[in-house]
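The structure follows.
Chain nomenclature is as follows: A, B, C and D, assigned in order of appearance, with residue numbering initiated at 1 for each chain independently.
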């Protein structure tokens, strides 16, 4: 860099230097090294002010693919406020693809289905859980009696937890059919 | 290493990732522009813009803004204004239409130029909402400028072509360097006015188009893209043109005001009433005066 | 000021697979409006054997930042650690910084009627802005201030293949050199991107 | 895979790929589908100078990072692998000792491989002979080499043969049971492995126990219910033992053979009610048929956090229920990653809005159907509780029952401890430090006892059984055609009391094989064999003797119960090479294949499909979307990365059809369906094929169905579903649809 530019820049910094930095040494990790060689200093308490006071970090697992990346969810008063980096996870080492980086949006997406609905006469209608479950089970019951259990098909999911998948299989067995499947065939 | 990226940049023009949004700036041209920045064979516009904007434009504008009035101040003090007799006949030179069109453009100039200067010296005003407001005014008053500049061009263009008088006029700097009332060679419009006309109309169109480009920023004109000019380079070129031309327009705008308000006493009235003093026409537009005489219109 | 005392980004093109993890992590962490891509992943020569590369691009926090030089309202400031930041209260959205920037980093959200552009937004290296650290206003305007919390910028931390590096420029250079050396590809000491744009000033 | 050596799962782990010296990838695109996993591939490149070889019909992002890329004609993986085997055997690169001691019937594979010389392989696969030779030499000589595959290999009518030949290739090179070797199947969804282990599958009970009476009885007693009650729930007893419909063909069960559809065999009824939990059924081949199936249902119930696009696709006007299920972040439970390792997924927040977790929906339904007590009884058995706690008691129930894949060690307490301490494990080997010493991260199954370390590398005889070592499973008898199926002399895992092959352990042979004496009490408590031994005495005794409960046998290259005992090449049902169809015809039609009559040869020879539909159609994934894309298109940031459906097309091919970059085009399928998509020029595909992503829904055959979404639930991106044009064709064993080997015709729209 030429001296004049350097001076100009220096002057600018002198004028507007803004010093809000924190000790980043603790966050130094092999891959995204933020080594402390004079550019950092310890932060004052005022500077480190937690943006989400009283929040807790919950370790959980990404739901996108089978790699099983770790996710740290920062939760404040029962609201998932921020997705943190699971830098010490042995498989993902903090890494995420775009899906994993956006897991929080799966929960807080505005287009989520918010309540049970039924289509009647071609129109969507809201109904309560009780009514929905009563109607569904009545149908399942009568079909079981009239046509046999094999009139039902259960499609589970590889997105369920192991326990849920196990109970879904058990549910189908106890309904009385082997008509149950999910995504993975081989 | 470098050659690899140049090579990539060349191919990248034809085969870039989809999924990148349709933006003309941040879309598929992004990498080509990054890799090609200031490289051999590029237009170097980014570098030139940075250089000009960081180092030259502000001082130049400041120079014009201070220098031109200072020069006139000296002129006014040393030579003083021209004063023409108000006793002789008055000659009707500007129709009502002329005057309305001129008034609109005058208003737009009074809005555009100061707001433009506020933007250029934004740091002096501390940026923020005031300068942002000026930016908006600068853009909106362009509409006034557009509706005045088009009729102005057509109503005066026939007298604005170059004439032998213009060269003579330029040789004696319009006779402003002394107070002698010697007839100055000029037709209906003198060379100074002609320059101002062309700069305000053709230059104005250029200012409007470059300004519009910068205002709307992210669009794509196939006709420009087909010349291999990327959107970002178009914007850079626009900014350079806009600012460079702005210096010229600012300078002549100041001249124009000085002439009409100070250098020629009462000249401004002709744009209000439409009449010029006969003596003023006789001296400052001698060829036009002669012509009128021949036609027996006086 | 020497290069050694500056924080830098670097995207290792041998590792970047174009998964967009960084750009989405950034958008999500800072809750960016649509149309603002502080970070962008671009794949070039797609489908051409031996030539396809992906790179992640954002503000490179240049050593002598051209944006800072051209800004008519002086809204930029450079922190001591080299992070280039700007003040949105001062910015007028003139886009001069975009013209000067070699990386297309400055972004302009659609703001108000007639599709006019608002004030500039760009990568802050997760260091917020001039408002009070970790205040609500700072979060609204600039997104998270992770640096102040002692955390790594979210894009690099969440990079799926650790292609995107951030940190002290020497340190980043070292990591890059190590990778290149261990892969037996010869020595490339200076990562691409730090000197091309701003070193050319004569 | 399971039929080759015992278990059908990824043998090693993602971190272990860093130990590989060569990586060959068939029909997988980890750079897009498993980006975080792919970092280990890239590190292998840097650490070991490992070479990556990609064999794929399209040039993927993985191929962009590879050292060698082979553009294969879709559906010709078998000829390619035989071509490799041909060269390996010819040049003597195979691991002779390994084959002698640990593989059965490799000689028959050698015979078949002789037919596939490089010239012939070039003709069938389109890969130049030189390239095949170059790659084979490299791969055979850089050991250990790991072999990766995913849906590109399995989604064919010959998918099950593909997945058998790939292990055979690894066996021939002796790349099994080694660090940096193995056959590594990359699973798709987050819990494919877990849900498959729990067998949400129509042909078996959880833990791959099958549907035999013995299995049902074992489960009835383990679940704490009366076997006769359970039997009474079924239509008749025989339907207990019959495989059900699959995900890919359930619609045939609704249509009941009408209108020329395939005939069904389903307990005297067709399907009336469909209950879907978290399954994007719009991502199933032949979507027009799926729609027809949906339209003809009595009732459709869809439980999802977002609106399942089946509800949008169907024209059904009544009794379509959409129930808001909680996401996995609003409940907790364990999840099994692709490497058989479990992780505990903690609940982050309470279910939002009115959503309910899947198990709560099941329990509520069970209450109303009158079997809630029976359904939940299994959770109370272990500690004889009055009430249960979800999901911990369910996890423990699974650990108590599932012995086949060794889940005994997977108690909720241990899994939680692993996830809480995930920072105490090594990235590459998965070994624990400090407090977690002696355990591998996530306790990859088989995890034989509550103290077992987990088995990060299957069939590794260089480690003791207690540290995750084992031989191949003794699953197919002791001998076949007079050949001993147990492993050869001296090939038992390290530290084994029995250094040779030995059979699986049962109550009857335990004393003899292990060379121990059981006490009277042990004799009373012990189960009939290791698979049903809930006392876990067999596994405990085996650990003490350094032996695997499932025995130590040979892997088999020949599966005598399959239609092709030795994997054979057969052209796709819709093949672009009619000349090869004659030489390599498909299977005979198969009746009652998962309750549906399924066509093979009759479909293939119905006409010369390639005349009318000359272009290969390949489907694949985008990095920002997952499965049917339902979840990810509901995120504005992810949707913005690919706002609309498109088709990758080579500019030269597009030029012939007058299709410009960015213009719309039609893709027609042999099934008579079509989709309208945006053309995207790409050199990733060659001129004889097009590539489309399969994550979109919301449009159908050119019609926008967006108006059918309930208010405020429309995702940020909608588009044509690729599966509207995927072709007929199902695997002969598993019935996985043939989405990677179809044909199509394109035109300008």
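By definition in this document, contacts are C-beta pairs under 8 Å (C-beta built on N, C-alpha and C of every residue); 3 or more make two chains touch, one makes a residue touch a chain.
Values in this document were obtained by computation on a predicted structure and should not be read as measured data.
Nearest to the overall CA centre, using the mean of each chain's CA atoms, is chain A. On a Cα centroid basis, the chain most remote from chain A in this structure is B.
Looking at C-D and A-D, the interface holding more C-beta pairs in contact is that of A-D. Centres computed as Cα averages put chain B at a distance of 71 Å from chain D. Between chain A and chain B the centroid-to-centroid distance comes to 57 Å (mean Cα coordinates, whole Å). Inter-chain centre distance (chain C to chain D, centres taken as mean C-alpha positions): 40 Å. One finds 24 Å separating the Cα centroids of chain A and chain D. Residue positions 15, 18, 21 of chain B each touch two or more of the other chains. The residues of chain A that reach two or more other chains are 92-93, 95-100, 102, 105, listed in rising order. Those residues of chain D in touch with two or more other chains are numbered 35-36, 39, 623-624, 636-638, 640-641, 682-683.
For chain B in complex with chain C, the touching residues are 1-2, 5, 8, 11-12, 15-18, 20-21, 25-26, 28, 30-31, 33-34, 37-38, 46-47, 49-50, 53-54, 119-123, 125-128, 131-132, 135, 214-218, 232, 235-236, 239. Within the complex formed with chain A, the chain C residues making contact are 1, 4-7, 19-25, 28-29, 63-64, 68, 74, 77-82, 85, 127-128, 130, 133-134, 139, 144-145, 147-154, 156-162, 165-168, 170-172, 175, 199, 201-202. If you check the complex, the residues on chain D that touch chain C are 31-32, 35-36, 38-39, 42, 45-47, 49, 59, 61-65, 69, 623-624, 636-638, 640-641, 648, 682-685. The residues of chain C lying in touch with chain D in their complex are 14-15, 17-21, 24, 27-28, 34, 43, 46-49, 52-54, 160-162, 179, 182-184. Only residues 18, 35, 37, 40, 42-48, 51, 53-55, 57, 66, 69-75, 87, 89-96, 98-104, 107-108, 115-117, 119, 188, 192, 196-197, 200 of chain C touch chain B when the two sit together in their complex.
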